[in-house]
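Each chain gets a letter, A, B, C and D, in the order it is written, and its residues are counted from 1.
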């Protein structure tokens, strides 16, 4: 097996989704590492915004929470949360938002609220936070989640953050722009069919088969005709992740592939 | 007129059983000292409002102070679930907790509507989410200009808001730098405001940089000098977030007994924040911030 | 990516005939240098939006650049009426001026709605005023919570907003202290933003005090280094308001001929702001501000 | 004639209307002088707010405009105008607002927009600025204006800033709190009848008669049974006005009585 972990592969793949000049709403963990990797590799003009209000961050250590003081020191701006949501997100300035959750379904809807019934939950999850508005108002959304029947059911128990809802044009009909663009899991990468808005497998991580995917997803997922193998992280990417971004292995080393 | 008093006096005078209280600060400047004093004074039937309940409300819930919670993200940031919150919601322990659930944007708008004396504010958020289905507080309004329907959230007007800040003068003119969160909006929305600060400064310090003032003395009821009052959260330019404590909270709070032992030792068992700092010992000094001063600007004319 | 360019280039590239333009700054930081360049480049059919048209729009109106004005208070502050504005409204000279009239609160909310991508914002203001009778842009909405009716104002989304500030970096991250006015809201509401500054600074100056940034580079089209670009208005910490000029404007502008002579001498007759400062001579130095520095704060962790 | 001007009398009278602890929305000229006089005489806890966003000002020279830089230097806070209107005024934090205008009518409605028809004005005035919202949202409003048939008509040509509208309970019915409390002119002082909401003469400046008033007002104004003479400014007040507040006589010396 190559000298990189699955998490590093996910970080590398997510980084490639970011363009130079993108304004990116960053979360902690894989998203933060992906954005910082893209910034160092091919997107020096990328602008990081955290929902805590820090804009244009240059963290000198790995931020542990979205409100880490290292995001403030040396940043280009710190703004009230009212401005983050009104003037940046709702105004349409956010090109890419990263989201995760407990469940993502066939149409990219995300659940981070409850497993089971809302009033009598089997598991009470943290809730939306800023996820619902990122899903509704960012231009593009990139989702990262584990690949399993539990985490990728055909229909989520609760739509915290809207994807394409029931599919087709339903999202547009409700007046929402954008939508999920990419789902990156520990087994592969999915995009959304431009007509049906259904998740389609477009890339398999090295060593994973379509059969494995089908055993670990809650519906009979479609496979793109031009299915490829996910390109592995380059040595330079691995070096940056390990030496610069997460030298203590807080987010990534524990999940060695 | 000086409003400086002890935390004990501020909570005794301005927080009542049954109040709707807010203790804001988005990861930054969370007013833990105020939270501990509320627990010590055994307030009950409180409604707790806050975007991220965080450890501060997990502690209030575990101590039996809360009847209801208004929130948008209930987790231990970067660590996992809030165990006391989950026990209350899933099992009704130590008592059932009603929940009133929004999103961050929704909470911010609710405070802003309250601060502006408006009944509601509109947003383009919320089409498609199930939150509007389970929470009847979300309502729709039709734009009189574009014939679109927009979701609205209602004003939130707390009885008391508590915030922690880097500095204030004795009248409560309060300055913050680093992450702003929603403290300003929550304070203006509130009937009473308690400000705790790292430093009570002469008004001339405030007046040397008036653009940094986020809360005017005119809306402040009490000023409490409470160094290290935000620990285990952080104060930009003061001390770092105590990430180890956030990690340890997962084990401390996993069972009711452990959490009770923590409260006995660190809250009920101590008279005030000064005793808490003393008990922390050397850890306190490890968290102190490095110096990285801003370039001063000229206010002359 | 540097966006630094001359005012001549910024106006040529980003302001077009027929645009809805905003030049904000409430008494403070009024972008006069940008206004003069628009006159020099003879833009026409502009819609001018601004709370207080002030001398800057009186000059644009006199120069025949304007077709319509959106405003809330049209006077020479502390002096008297704006003569060119009155001639245009009362007599159609040099051409008729449509007016779209609000109040300060209404204009601020219109910019905020535009900046938030909302069709409107509500307010408790406006019951009883005749303004809602003469301006059909005011509309009512019923609160879905309290059954009250509230007046609303519609979003205002300019084509270009021009602001002047103390400093920005080459990408347009812009910092202001002293009076904020509505520059932030107008800039976020706008399709294009031109920032002129007293000083273009290294990004590390901006980064030393991120809470002072009011406009992020992400929404800025052009950065113009334009010292004294706000004269005859003022820059906190830079130079005082030239009250003598505001007083003199009353006589200069009372008749069309006098105003034309002013424009010929001080606008059309000069290539740029550098020439304007040179022509001002010693007066320029008399207005420079005293030093009254703020206490710096610590951003370390 | 006593050694004070009518303007100084008006400033002194307006200052007496302010209580210690009041949060006051200040305008330029008489209001600014009155507030600063009250601050020095009996209301050290008074808080001055200007619509430009300066709060708790300590001007070291006479401010010429509401956005004078001397209002910022040494103030307690400088806030965006959005906050001035939403968080201070609409929230109900402003105890007293000062207003003037071209016309004030029998029910305290103020016109600062047009003389004549709105579409074809005889005189185009500056417009509302912040006056409409101050009139609608401050708890108490104090009006200063010249006393003449032209400036005090029975009905204003245009209601820029609502007073008691048609009188009686009309203002309350429209959901507005507060309202005008006092009108101070160069001849006398008026209050509003608590039932009819009509302006009633309550105080005559020294040397002015009820007859003079009736010749200089646009309707048959009612006179309070306990009509008094306006108390003249004290020597200390005159000293403060002349030596400290307006030493160059910019606002007051030209109108010597």
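In this text, contacts are C-beta pairs under 8 Å (C-beta built on N, C-alpha and C of every residue); 3 or more make two chains touch, one makes a residue touch a chain.
From a predicted model like this one, the values you see are computed outputs, not experimental measurements.
More C-beta pairs touch across one of C-D and A-C than the other; that pair is C-D. Rounded to whole angstrom, the centroid-to-centroid distance between subunit A and subunit B, based on C-alpha atoms, equals 28 Å. Spacing of subunit A relative to subunit D, judged by their CA centroids, is 58 angstrom. Computed from the mean C-alpha positions, the centre of subunit A lies at a distance of 40 Å from the centre of subunit C. Multi-chain contact residues, meaning those touching two or more other chains, occur in subunit B at positions 112, 117-118, 123-124, 148, 177-178, 180, 184, 208, 211, 234, 236, 240, 289, 292, 299-301.
Annotation for subunit D: residues 54, 69, 72-74, 78-79, 90 touch two or more other chains.
Touching pairs of chains, sorted by label, consist of A-B, A-C, B-C, B-D, C-D.
Taken in their complex, subunit B has these residues touching subunit C: 117-124, 139-146, 148, 150, 152, 154-155, 166, 177-178, 180, 205, 208-209, 211-212, 234, 236-238, 240, 289-301.
Residues of subunit D touching subunit B in their complex: 23, 45, 47, 54-56, 58, 69-70, 72-79, 86-87, 90-93.
Looking at the complex, you find that subunit C touches subunit D at residues 26-28, 51-52, 71-75, 77-78, 81-82, 85-86, 89-90, 101-105, 108-109, 112, 123-131, 134, 148, 177-182, 184-185, 234, 236, 240-241, 243, 246, 289, 292. Residue ranges on subunit B touching subunit D, taken from their complex, read 1, 112, 115-118, 173, 184, 188, 203, 206-208, 210-211, 213, 216-219, 299-301.
Within the complex, the subunit D residues that touch subunit C are 28, 51-54, 64-69, 72-74, 78-82, 85, 89-90, 109, 113, 118-119, 121, 123-133, 136-137, 158-162, 165, 170-171, 174-176.
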